[in-house]
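Please read the structure below before turning to the comments.
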């Protein structure tokens, strides 16, 4: 599809919901290595709640309003670090696409730039701190480049998803600076960051969704 | 998983139902059981709010009551409550004198309390924060801002709660809280894991003869894992770390909290306290106040922590003041 | 065995050293740490002594203090103290008004308290006894004299302690203790074993998914061992037994104690209390007093018990009275 | 030996001390089946303390005084049910052999009759209640018969030890009425009583001692 409209967005949240239901145990054990094992629970919960909330609200609300609902719902349902950060991301994304009828490559770039900035401000994390920001940054930048290059949405998202995967892989070389993982210091080297994994999973599913 | 529960998903809310049925001294606002406030708020008093994940009783909500805190936002097991819940508690406990947040240094809580204070600010409620970071094991000197908040937050609650009860201003109560925070050090040791109900299995595994010194209250890693040593040797190692950080001179006075993590019998905590008292005696330091028991737990985790508050005359008066909450009672001497 | 201890042989005495260092409100006589007495005995008051094995903190010694008991003889882990120790405590706490023994129905304790009361009698000290037997699971109706004493003894201490503090005679205090004893029923459930330090391994084994309803606080067998059921179902089964024994009519009043055996998190105890409250509401019975926490433990055993005291006006007043011991504090309403 | 004198008695306590050191684990597990596992600890402790106390006191004190010291020491060191009952037994035995220079068959009968009666009064237990009284009773009766028949001490004690073993075996058929085991009711059928085991062990060692 060339652009994602409000009705697609509702289905996208449903796809994300299924994604995190499937990845629940994987994220629990990933977060368990240098954290507190809750990530699989909070992500599956918050995306399930968000998917239901946007479905209940319906496409008539429009993209911006749906994203706002998703963010607010997530903040309520799963107020863990990642839960609140992703909520903040969707709330900021909602603002950045106000008025848009659908998300083409350009709007998608605005979306993820706002998503990245919101999370990085709220969490006071910079690139290289081994957080979700490490994958959000290349995602946002790749989508900006794709917009400049006039790429179609599926190709742009595929490129962003690849960039996210590569950035995720690169988090293995970093030492965690934030959250529960920070306590593990050097022991976090060799492990991919759990929050960054969430970011890469989000993008891959979004890319698959747009390609279908 | 061997727990008394019904559906794990309902665990926290059913626990809260039990608490409200048992203790009319506390109630809730915003039609949300997770927004706990004292049933008898005092007009004009600085409000003190806390919040954090469940699974640490009596932390956090257990300290809501006379002479301590006014409200607590309650999260899922080991999960932060939401900014909305913190904001609702803030609104309910503000008596015109402003609100102090006292909570532990965890990213989820910080992010949400920050959001809540922004929301409260829009309502014209003055909010100050004090973020507990007493866990010596969780970061080195110079990086104290990275340290986790653990059982020592009890001293911050006690001092700030007493100061607020005495009628001081938000600035004053905040000053006292910060002083107590900066003079509190904690070291912990874990012997077994806890089980988060919705996860259903141990958070981490540890050998039948091993201990982990410095482990966090959610199972975050400590400084060293090794063979369980005799109680005295365990305390010696933990207290070495605390003594290395602050200068306890002969004639100084301290308050001591020996805290059980949940699965360790009270008997053992007194064996540990005995050694702490010996070490303090050896340095000529007087223990003015002692608490031994469960003050900040990790569900059924076996283990203990020792928190030391380095007293001055003001803190001595404040931690000794009377308090009466459903979970914590203290008669003034 | 994962315990904080030094030489297991010294466990009880080191624990006592810790307790005396922490709590100047209690001291000891006869140059024997195991003969604990209150530091502030009141002249002319009936003395109340208890005693029993260690490993059950705050039982037994934890209730020595204002408004509760005057002395406790302390045994080894799960072992009776000696008749000599009980006798020394008796002599020390007698203030001319006689001494009441309140302890649990175990043959070792009975034999030794009997010997002690014979010795006290030779000194002209009047002694009466009240032997707690609240454990419904341990024998059938009609054979109540065979029942074990468990957590419900707390209600007997509380009522008798308040009556003694009010200045009543030995006969009166004994009458109150007996009334509280006869109106107290307890049912317990265990999920895991405890480990006696000098033995070093679990007292009994129990499957990863099993519970034992009615198990005693030393691991004595219960009524049934089966698959762990949801919390509500566990309470329903336990309360059925209690309801079957005594007629709780609509309008009646009770006090409830939900007691943790040591290894069970406080969160779970509140989930259990929630169900007890629902059942009482369903019968129109009012819960006037509630205590939830650890009152009689079995070291690190996971499990819980529910004790119900069927109130009358006198017991209502007495259990609600203020008390202040190192391990138990209660502000009068 | 035809009679046990004060010096023998000190060695006898030492033999009992070794006996219960050896039987510690066995008694722990036996008491663990329908009790609280403490019996091995209390018996090894109390006999060790008693043996040391009588050795410290020395043979000059005489038999009755030594038994009194043993009983008083046991009452202090191991005040469990069995600890206090055996203490009571030795205190009563001490009284029953007052003035005796040595224990021949007749004095030994007096000893065990008093031992049995003391325990049974203190514990309010009767024969058939599945306690130590069940072996003490045949021991006392067999020694009384041996005295009447004019038997020598070794033979009398051998007969009493055999009677104790048989009585111990017979406790398997009984249901416990006292102590922690009483809670197990029917489940105690088939198991030998722990306290009765202590009684039988005491006698067998005494018999071996007298035969040596």
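The first chain written gets the first letter, and so on, giving A, B, C and D; residue counts start at 1 in each chain.
Note that in this section contacts are C-beta pairs under 8 Å (C-beta built on N, C-alpha and C of every residue); 3 or more make two chains touch, one makes a residue touch a chain.
It should be emphasised that the depicted structure is a prediction, and the values quoted were computed from it without experimental measurement.
In terms of the distance between Cα centroids, chain D is separated most widely from A.
Spacing of chain C relative to chain D, judged by their CA centroids, is 33 angstrom. Between chain B and chain D the centroid-to-centroid distance comes to 55 Å (mean Cα coordinates, whole Å).
Chain B and chain C have Cα centroids separated by 29 Å. For chain B, residues touching at least two other chains: there are none. Residue numbers of chain D whose C-beta contacts span two or more other chains: none are found. Pairs of chains meeting the touch criterion: A-B, B-C, C-D.
Contact residues on chain C toward chain B in their complex (touch as defined above): 2-7, 11-12, 14-19, 21-23, 54-55, 57-58, 191-192, 208-209, 211, 228, 230-232, 234, 262-274, 277, 287, 290, 292, 294, 297, 299-300, 302, 304, 324, 329-331.
Chain contact summary for the complex, chain D toward chain C: residues 28, 32, 34-38, 41-42, 75-76, 78-81, 83-85, 88, 122-123, 178-180, 182-184, 187. The touching residues of chain B, counted against chain A in their complex, run 75, 78-85, 106-108, 111-112, 114-115, 138-139, 146, 148, 196, 198-199, 203-204, 216, 218-221.
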